[in-house]
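In the two assemblies presented below, subunit A is common to both, partnered first by subunit B and then by subunit C.
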Partner chain A sequence: MRKAFPPEDLARDSRFARVDRMDQIADPRAASGQGGGRPNQRLTPDRADSADAARSLMHGIFVGEIQALEGAGRTCWDFETGTDGAPFALKLDMARQCWDEARHCEISVKLSEHMGTEIGEFGESAFLYQAACNPDPVLRLTGVNRALEGLAIDVFNTMKEFGSISADPVLEFCEDWMLADEVTHVKMGSDWLRKLTEDDPERRANALEFQRVVDKLFSFGGFRGEDDESPVILARRFRELAGFGTDEIDEIAAISAEARDEAKAHRASLAAQG
Partner chain B sequence: MADPHAPRPAFAPWDRRELPGSFTVEESARRAGNYKWIEMRLFEALGGWIATVPELDVKMRLGTHCYHHAWHAELWHKRLPELREMNPERLAVPPNEQMERFVEALTEPEAADLTIEKLVGVYRVLIPHKIAAYTYHLNNTSTITDAPTIRSLKFILHDEMDDWRDGEMILQSLIETPDDVRRAAERQVELETILVAAGGICGPGTLGGPTSDEQQPHQEVSA
Partner chain C sequence: MADIDVVPTEFRNVEFTADQIRGVVARLLVEAGLVDHPGIGSVRIEVDESTPLSKVVTQSLEPLVICAQSGALEDRRRTRHFGGDEAADALGRAVFAAADRLDPTFDGPAFDADVGVAHAVAWDCHVVGRMARLGHRPQRQRRLYSFELRHGFSDATVAAFDRLWSAERLTWAEIVAISDDARSVVGAA
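The block that comes next holds the complex of A and B.
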């Protein structure tokens, strides 16, 4: 088995449909889609397309959990303990994360059925797993555990609130449990980043820059932000629990706003071209 | 109520634990080091394979089992200093070169259509050998002096039995044709042959008899 496994080779059964990120975002059923024709994209039951948007988001969570599972598993395998800068305790954390992500896959499959969705009903892009392909374990952990798992905090909190206001106790209950795990994973990432780069400020700076790049990708088109134009809301309180400082959360909010403005400008440009 | 000051035996009539055991502190530490090494290799491989298997249920099971074996590695890692090995990495080694060869062969399959080969190596060869080695250790160590190892062995064996059953049931559901049966059998023969040459997960003497160091059977220490 190779020591690096490319996103295009991720193994899937025949139900799954691989699409690129742009196609995924362009899907009119998506949570980040047309929002029922209104500027307010926040995922609430009064959105005309809320059922499709929530089901699309749930499917996105499901495939995201599969890729998070695969990414944590690859970190167990790709780095030799100790010699590649991956201490034994870090690999134990990644193995623990494998179990957590496997449970999240199980929960997501059940919740998808609960919401009336079938596996493969929406496309899957491999952009989450791509963050788990960095050859430096510190950068990989920062990209996965702080950026990807950080996004998961925001998504689960949004879905939990959606479950609460749409009177779906099953959804609210499950999202809250997954949210607890994600806070743990993000904290793992924050702790390992600090520990492994304690005496290497350049490596820490590189890791944080990599996180910014990944955070911007995850904020694509204003998918995640702090205002009603974003379907997924930045979960400040849970991010603080996971070891993010206020300045770091502010920065993600700014990155998200920037991504949203860029997407708006892009759409306006396309409209002007007819 | 009985007189609280009446003398009672230190060992209740139902407590049949005994002092004698087959392993010295050093031998116990050597085995714990071999256990840690193989548990690490196994959790790493299971983690790596998750991305390579297309079957969704297998993918999720591998993720769960990956953690079980990582936790076992951690238990042995923590036990080693208690057995006077202050550098746990020193003993976290394979017992011999054949065992390294076994792990190389075990972890070689990658392609998406080789799930049977991957799972046979783990659930029909390695885990049965681990269950045997752990059970031998459990049944032969001193039930009083080595109680901490026994506690770990019991937790670990509980996981191993559950995981073996999970893996075997998945395999039975994947093996559908005579060709699948042949593939599974050939893979088992290939890996079992190497593991037998290694003498088991702790090398010669894994299940009793002389170890590679001693070439003599263990002498039971009597009270």
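The block that comes next holds the complex of A and C.
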């Protein structure tokens, strides 16, 4: 079996449509901004488009769960136990994560049915899995378990709150249960990062730098933040439970704000070009 | 057949053609019974291709002018490409709602009145139910979810939705009553 499986070869049936993230970034309509210039993007039932916005986000979660399963599965296989710096206990954690992600896929399919979404109704970008292809297990775990699963905490908490304010018990409880798993996954990443780089400060610094890059990429120009402009809110309390220090959470908030400001400047530049 | 003007005639930011949009609207006008309506005159579809959002607004009834953000007509699986089902859904809701307003027996709200999200969604469900029976993509559960979001998640809400969805023709007063009753059952009003 191949190691370091390329994203373009991920197995999907005919219902799925792959979209290129670069096409989305290059979309000239991006000049109107994240949310098309809407001042408040917070997901609430009184927003006229909230049902479709929630459906789209839920489908994004669904394909994200598939790719998280594929990423954790690859980490079980791509590294030799012990010799590649991947202890057996780490692989056991990844195997447990596979079990969780597979369950999340099933839950996401059911939630999508509940919300009236067909599998593959929205395009799938493989960029989450792409972040799970780093050849160093420490960097891969930091990028996936701390950055991406950290984003999952923020997204699930946002969806859970949406379920709560719209009095939708199905959405609220399902998101809460998945959120609990994500906190565990992030904690695994935090614990393994510390353990594997205990005597290697340079490797730890590299891993944390990789996490910053992934965190910034996945802030999507203001998608995640702490103000009303952000559709997904940084979930400070759950991140603390997952092993993040206050200074680390502050840094993610700063990275998100920086990503938003850069996106605004980029949009202004595009708008100026006409 | 009324003339259908699509603005712009050529698109720069999206891979749409005016003919694609004209074809969808021509079918909808026939289905909604507006094709020979004396008040309609020409039909104008204005597409805002500067944004990927998907809001659709009917700006005038006579003549019929519908303004759509490009995301409303876009294939959800292919960025910037035209989606026939998506366009029929978005423009169909506007065309059928216009047909309702132009029907004196419907006795609809004032054109510039803010009908509120709950009543607007209830009206949408009634419109899309009729469109589904004409062969358009139904997505019944999608509409039910949208209705439940604004009316509460309960068996009574599902029953109210079914009345809207399956009715051949309701008046505005009947739509409002079904919506208000559903909201009162779960205390959402």
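Here is the rule we use: the second predicted complex is superposed on the first by the 258 of 274 C-alpha atoms of A that agree within 3 Å, B and C clash if a C-alpha of one lies under 4 Å from a C-alpha of the other, contacts with A are read in each partner's own complex, and residues count from 1 in each chain.
Here is the rule we use: contacts are C-beta pairs under 8 Å (C-beta built on N, C-alpha and C of every residue); 3 or more make two chains touch, one makes a residue touch a chain.
These numbers come from a predicted model, not from an experiment.
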| item | value |
| --- | --- |
| Touching partner for A:Leu10 - first (subunit B), second (subunit C), both, neither | first |
| Partner chain in contact with A:Asp261 - subunit B first, subunit C second, else both or neither | neither |
| Which of subunit B and subunit C A:Trp77 touches, first, second, both or neither | first |
| Partner chain(s) touched by A:Glu209 [first = subunit B, second = subunit C, both, neither] | neither |
| First, second, both or neither for A:Glu106, with subunit B first and subunit C second | first |
| Partner chain in contact with A:Arg96 - subunit B first, subunit C second, else both or neither | first |
| Residues of subunit B touching subunit A in the complex | 40, 43-56, 59-64, 66-71, 73-74, 77, 89, 107-110, 112 |
| Subunit B contact footprint on subunit A (complex, rising order) | 1-2, 5, 9-13, 66, 69-70, 72-78, 81-82, 88, 91-92, 94-96, 98-99, 101-103, 105-106, 109, 119, 129 |
| Contact footprint of subunit A on subunit C as seen in their complex | 12-14, 49-55, 69-71, 76-80, 117, 120, 139-146, 148-150, 152-153, 186, 188 |
| Complex contact set, residues of subunit A against subunit C | 17, 19, 23-24, 27-32, 35-38, 45-46, 48-52, 54-56, 113-117, 120-123, 166-170 |
